[in-house]
Amino acid sequence: MNQKQKLMLAKAAMEASKNAYHPVTRTAAGAALMTREGSVYTGCNVQSVISGLGCCAERCAIYNAVAHGAYNYKAIAVYFPTKNGAKPCGACLQLISEFAQVAKTDIRILMVNNEGRIIAESTVNKMLPGAYGPRTAGKKLAAYEKNRD
Amino acid sequence: MNQKQKLMLAKAAMEASKNAYHPVTRTAAGAALMTREGSVYTGCNVQSVISGLGCCAERCAIYNAVAHGAYNYKAIAVYFPTKNGAKPCGACLQLISEFAQVAKTDIRILMVNNEGRIIAESTVNKMLPGAYGPRTAGKKLAAYEKNRD
Amino acid sequence: MNQKQKLMLAKAAMEASKNAYHPVTRTAAGAALMTREGSVYTGCNVQSVISGLGCCAERCAIYNAVAHGAYNYKAIAVYFPTKNGAKPCGACLQLISEFAQVAKTDIRILMVNNEGRIIAESTVNKMLPGAYGPRTAGKKLAAYEKNRD
Amino acid sequence: MNQKQKLMLAKAAMEASKNAYHPVTRTAAGAALMTREGSVYTGCNVQSVISGLGCCAERCAIYNAVAHGAYNYKAIAVYFPTKNGAKPCGACLQLISEFAQVAKTDIRILMVNNEGRIIAESTVNKMLPGAYGPRTAGKKLAAYEKNRD
């Protein structure tokens, strides 16, 4: 993944945040997910007034990608509107990690701050090492090892 | 909403189910959401090996629509691969109902069976009457009363 | 279920709300669940700053009961701190409904307002009729047809 | 926390798993949470047939503790029925981490295998460093800085 792709993905995450539905906290987050082949799917946070409903930007981006037949990702950019940005929450790391198992790969995570700058980089396997996932659980995943989008 | 639109939406829900990620139960569901202006966003079920993660097709379709700036919907078709299809689960009805409050409208629900036929129709306000939502909770929603997609 | 039991359950739900963890909205809800044999388990809302995490009082009460080996319920009281109280959200109705399938029974729902009065009564099968659940999905449930608490 | 307490907590987690409601995968997990003062609350996994519902043992234990007025924890033991046990999932680490912020402390995590042995130990701040939580989000938490149970 080259620098140009990273900057493009960071920008897409920032743009996606503009559509966030956040009547509870007024905090707009965005995410942009890049597939192995370079397609991009975005998500923003969607808040519910009910505990346990609603969804973070990162998980929404994955749900959007899956709906289009994309299960194998190389990177996700996460925009959070503060000077230091934010890491994905544990629930998002868990779901990203499950798809890292699906694709038998690691997934790069770019943290993007309120100015749209990439202020930190890591990978899901560094941020949530040894996570339980579909391969740990012995699930059959052959059907998801190629993107269809 | 005319018959042609309904059939188109039912077909889109069935098509969306083909991308479902369902390593846990092997049951593929799909949903297609129509905005007030007639745009269509789809979703499929995405299963996690972790309780409380993953998402039904209907909620995924909403998250996808919101990511594109669409908050006001007139109908959702729900495909489930059995002879009698299935109603949206309570969690999905809750989220659909919250967006019915956002748009100050009711939202039609089309249940689609394994052959792609609409076998039942209702609305979210009939299926989950009097639900708690963002207006009940006194949230400000003016920013979401128009679609931007 | 007699009137005395109902009043006791309503009071337990109101009491449980006092422990609610609600740093996001400052709204304290409570629930009290009665098993077939008359044991009571309580829950309160637990809010997370993350969308999709945290839990409503009703689901917490069920998780608490299950942890003690109770899977078969006859009633749940739901306290909400407004004049008109509130119905359980769709996600809670869904989970209550799944345990109604487990026990092959209906489950009574008592709605309790800010003064601790039962202002409405219904059942989960009336509030979420025809819900998808573990029996619809063909799961084996014999192990859960008796309470062990 | 001394060795005797650790062994007691590990045993409580294993015991709790016996009540797990797991019609979907037949995998029984358990958790036992110890408060600052030494009280213990347990949880087991509760599975739903619906994606995004149900709950892991660790989160259930927290919901149970909160229902009893306990918000400050020093350790959680996690039983998973395999030779190597399992780490808490990302969603559970996130919630544990939020309560570490509430109590301004770290929380020890004991991983317990199928024989009831503690096979690994860590803390939530090591396993999910720098997590977003209620203090990061600027929430007022004074009401939760003491246990009331």
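Should a chain be cited, it is by its letter among A, B, C and D, assigned in written order, with residues numbered from 1 in that chain.
Operating definition for what follows: a contact is a pair of C-beta atoms (placed from the backbone, for glycine too) under 8 Å apart; a residue touches a chain by one contact, two chains touch by 3 or more.
Quantities reported herein were computed from a predicted structural model and do not represent experimental measurements.
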Centroid-based (C-alpha) most distant chain relative to chain C: A
B-C compared against C-D, more contacting pairs: C-D
Inter-chain centre distance, chain A versus chain C - centres from mean C-alpha coordinates, in Å: 34
Length of the line joining the C-alpha centres of chain C and chain D, rounded to whole Å: 22
Contacts with two or more other chains, residues of chain C listed in rising order: 24-25, 46, 48-50, 52-55, 59, 89-91, 94-95, 132, 136-137
Touching residues on chain C, where the partner in the complex is chain A: 24-25, 45-56, 59, 89-91
Contacting residues of chain C [partner chain D, same complex]: 16, 18-21, 23-24, 42-44, 46, 48-50, 52-55, 59-64, 66-69, 71, 91, 94-95, 98, 102, 132-134, 136-137, 139-141, 144, 148
Of all residues in chain A, those that touch chain D in their complex: 25, 27, 52-53, 86-87, 89-95, 97, 128, 130-132, 136-137
